[in-house]
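Okay, so chain A shows up in both of these, paired with chain B first and chain C after.
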Partner chain A sequence: MRHTLFFRFAVTGFATLILVACETTNVAPIAASERPEETTDEAGLWLQMDETEKLLKSSALVENDEALNDYVQAVACRVVGPDYCPDLRVYVVKQPFFNANMAPNGQMQIWTGLLLRAENEAQLAFVIGHEFAHYRQRHSLQQWREIKNLANASLLFSMGTAVAGVPEAAVLGDFSIAARLYGFGRDKEREADELGFEFATQAGYAGEEAAAIWKYLVSEVENSDLERNRRAIARASIFSTHPVTSERIENLEALAAEAAQSGETAAAAYIEATGPFLASWLDADLVQSDFGKHIFLINHLLERDARQGVLYFRRGEAYRLRREEGDETRALEDYIKASTFEDVPPAAWREIGELQRRSGNQAQALEAYRTYLEKAPQASDKLLIESYVEALLQEQS
Partner chain B sequence: MLVRIVTRLHMMRLDTVKKATALVSLLILLAACTTTRSMQTTNDATIEDGALTVLLVEPDVRLSFLKASGIAEVRADWTRQGSENLLASMQDALAASDHEIISYSLNDAKEREIQLVRLHESVGETILLHRFLGVPLPTKENTFDWSLGPGVQIFSETQEADYLLFLFARGSYASSGRQAMAIGLAVAGVGGVGTGGQAAYASLVDTRTGDIVWFNVAQTGPGTDMRKPEGAASLIDMIFKEMPLLRKEGGS
Partner chain C sequence: MGHLRFPVLVLSLLMVTACLGIEKAGPGVFQAEKSYQVTLGKSWTALPFDARTNLQEMTIDGVLLNVLVLGTDISDGDALIYSADPKKLVPRFRAGMTDREIVEFLRDSLEYNGLVDVKISNLRPDEFPPETGVRFNFTTKTQIGLAMKGDGKAVIFDDKLFFLLFVAPAEYYYDLHADEVESIFDSARFPQSASG
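What follows is the complex of A and B.
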């Protein structure tokens, strides 16, 4: 090629220099109350996460409800034990997706979409255990070092191909390196699953709940309106950062079978702590307009949850907004069903009124509107509903 | 799922690092073709005579280690040293004036303070782009009326002052591997391999209106080093060269 011998020689020289710089990803677990030395790469990661945490703290996305935060933090402390407890700061983040994450400085996020889907405290405990394992095993630091090492490797590869004169190969180089990076992610997830299982079961939670939450998620996604979502569960890509879900479920089920000791699910405590948020979390979930998933979730909650008035009302809302053939009837049925429970939101009466009026059932409409005004005397749409009542009375006379 | 975020945090980190690196490179590029000029507001905001109170807001500093591969890694110890040195240099530079200079540490519990420092970063970047980096805004051709807004009054709750002085500084320092590669590739005819540098900008802000009454930017090559007191002092001298608070003193 056109490159001189000197050029090749020089490139080889730099390559050697870079290789020497390869950093170890084999790090010891972080001890309770341990902080990184200021001169390390780890301290740099902490510094940046401390900065983002300052902003997170004041973010409108963070749920500030004291009772809920105390509850989640208490579950976290039970899982990680009293020594690590002060190192963790759990934030409940108002996002309607099933997600949780862990920053290297001890900042943990639990998203409300996850709290909505967990069935009991044991399932939340496994999620917390999993995230805590990322912290304790210093996975962020390991991954940062992998990124650095791979960036070096990537540079080597491009330099190598530049010398050899095969520019297209650089694309391949990036691809294989990206796949390797994601692959490291999968190993860490597997480790976090296993350690998380250990932490949660040692804290006295029922082992079979670890797989249960994933099994539920798979079935929910199978009911998604979006084909993209449905396909994603089965897909085993080299880019998948987590072990394919079925493999993950198998691993967790095997662990539960081995563990054999029985633990608690603490379902009642969980439902009591999250109950006040059920309606607003479902409302946020509906914003995604994936009615298949959403209705499947509500049906699942209906099976086990005492908050039937809220749940039937929310399912009625989903049908009302979906507007497929027959949905109006389904919605009305759900609103009426909801109205037979103590915890029915007053808005159910307004919706009954609206649907009855549209079907020409004036007497029922009138009664429903009046009940709404009675139950929600401060409603912002009070004047509007009163005008409907007046119009209905005029039509009747 | 549970996992994806861990990666996302990394992406975020890379993004910030990338942004900082880009900014530093931009500033270095700028130095090659333009001379930096300090800007004064065209708003009606004449700086009063007499002794004023100036709050030195805790500088926003981030210093990184530039690896051979081009990845910049934030260093907590350098960041702290740089921050301390810059603050001391600012105090020294202003000590000769008649004004009362108060150093102000940000209160982490006051989210608005943290957000204002971030706002200064954004407004400063915008000023750089549209005033110094050749992307002029037609509506600001003859005006310099940037402002952080009256939200800056929040600082008065803790400490009364006439002016706030913000400083934003970024720096990256190349590893020996990076330096060797830059030199080696340059010899082989491949240029453009950055070896780090430092950049900073400062704003003097009216505490009542939030208007930026004076703004300046400076950058230095790898030669000077704000991790050392002399390096920080030379950077601050460059930035403060035409600062009204200092000039005024000479005139009166």
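What follows is the complex of A and C.
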């Protein structure tokens, strides 16, 4: 009996200690130029992020082009305003996926796959606004404290189930606690969407573009070669980290309807800034080998972008590599179409040469190869193509 | 102390087991798995052949400092990146690829595997007896920013792809074994033409 009483007393005392250890997730937004006190858990988070930022700076994944970085940082400063601008460091990261993220210390990553898919500056501004909202609202700190609190709650629940003689039930607590944590994350994403919209529209950008980028993304993923990807875009569960995309679109459209003020898309400025990277970003995207998504993306770009020579060439490349029935003909048509535009890459003639050679059209192949060598005298495959020319000449003679 | 003997023995056995398959190779002729042969001028460490990807790695100073990859018997639809999911979208070899497309496939596989900005140079026809294949050089970076240099050689033989890739840090290690690698690449041939 004494033993049982002591055990209950100990459990109650321990549980009280755990509850006392819980920390509030209700924190005030961070002010401009504010830094956390050294003795706080937030300072610890910043310290860790400072270390990862050092590694990021020297990483080969960071795009170092000065003009592009200046442009993206300028858009960020316009969105967050002059007070917060010095607190943000935006890194363009060479990754072919649609993604951006924000660290609690002011380090923001914008991936090139996102820049490739955004249609205009307004869409980029909304993403930056969304990420900045995570920073300003201290979502990382809130999430960190929520994790710690829920870990404590999990421990408490496990003790309770042990005392009650059903320790196996502890797993149910873990399950619901994990679901609550993900739900907490989704709420923060909703808040970031709303605030991101507010920041971007206050900076003068068109509100309807916030939903437009998500609508495009849904359409692109619906064209993925992988059924799993196609299903995932419309599906959510209690363990999703973000709200389902259709819900985000609905909310953002409602916000745009309420705002009723018109803003600019700044499409021309965006295309000018990102134009030099279009070919290399598409090249990196094609390495992922999702031809359905990739071709959908190029078709979308072809509707709005003046860089038709590059785009027809890149679509030809996708058909050439996909190798489905009729793709060889489609590829040849696209290379030939690309060759009618001024911005066509010289490689279009090389590919015309390759396809004509495969079809047995020696004269056309020879002409295309020669045009390629003339337009790209320093090409890395010059010796190889010269050997093809030589072989064709020998066959002709 | 006696109670420690059993765990130590088990641990030792595990460590020895983990080393199984790592062999010394060269100097001399080295036969790639059911495939071409090369002549090694130095002593290399050959890691176990990976039957899932048909790749075998060899190194002199450690795979992070120099690695020679021997790729053999790559068939239509095969990938150089292993995945338990056969539907995973990765660069795949396709029968009928031209020499330039093969180099493009190797480049894409390297990038998919995490190397950054793989830039190919100096593509040229090269003998891979009894066939003529393709040879090239490349530069790249690891994700943490270390500059690397490499060489490649590939050929289609009986509708299958066979290749060699060498990669090492551009600073010091690439040049350290450059002559040896050049000589290995030059020596690559299929056994039936070994005398040729």
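Please note the rule applied: the second predicted complex is superposed on the first by the 388 of 397 C-alpha atoms of A that agree within 3 Å, B and C clash if a C-alpha of one lies under 4 Å from a C-alpha of the other, contacts with A are read in each partner's own complex, and residues count from 1 in each chain.
In the analysis below, a residue touches a chain if its C-beta (ideal position, glycine included) is under 8 Å from a C-beta of that chain, and two chains touch if they have at least 3 such contacts.
Just so you know, these numbers come straight off a predicted model, no measurement behind them.
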{"item": "Partners on chain A (chain B, chain C) - clash or fit", "value": "fit"}
{"item": "Which of chain B and chain C A:A60 touches, first, second, both or neither", "value": "second"}
{"item": "Partner chain in contact with A:L226 - chain B first, chain C second, else both or neither", "value": "second"}
{"item": "First, second, both or neither for A:K94, with chain B first and chain C second", "value": "second"}
{"item": "After the two structures are overlaid on chain A, angle v-u-w for chain B, chain A, chain C in degrees (C-alpha centres, nearest 10)", "value": "60"}
{"item": "Which superposed partner A:A260 touches (first chain B, second chain C, both, neither)", "value": "neither"}
{"item": "Chain A residues touched by each partner, larger count belonging to chain B or chain C", "value": "B"}
{"item": "First (chain B), second (chain C), both or neither touched by A:S380", "value": "second"}
{"item": "Which superposed partner A:A284 touches (first chain B, second chain C, both, neither)", "value": "second"}
{"item": "Contacts of A:I147 with chain B and chain C, given as first, second, both or neither", "value": "first"}
{"item": "Which of chain B and chain C A:R323 touches, first, second, both or neither", "value": "second"}
{"item": "Touched partner set for A:A28, first chain B, second chain C, both or neither", "value": "neither"}
{"item": "Per-pair minimum CA distance [chain C against chain B, superposed on A] in Å", "value": "7"}
{"item": "Overlap of chain C and chain B interfaces on chain A (superposed complexes)", "value": "55, 58"}
{"item": "Sites on chain A touched by chain B in the complex", "value": "6-7, 10-11, 13-14, 17-18, 20-21, 36, 38-41, 43-49, 52, 54-55, 57-58, 98-103, 109, 127, 130-131, 134, 139-140, 143-144, 147-148, 151-152, 154-155, 185, 188-189, 192, 217, 241-242"}
{"item": "Chain B residues touching chain A - in the complex, by the definition given at the top", "value": "1-10, 12-14, 16, 64, 67-71, 73-77, 79-80, 108, 111, 114-115, 118, 175-177, 180-181, 184-185, 187-188"}
{"item": "Touching residues (chain side chain A, partner chain C) in the complex", "value": "55, 58-61, 94, 225-226, 228, 284, 287-290, 323, 350, 354, 380-384, 387"}
{"item": "Complex contacts: residues of chain C adjacent to chain A", "value": "87, 89-92, 94, 98-100, 103, 108, 111-112, 116-117, 119-125, 134, 136, 141-146"}
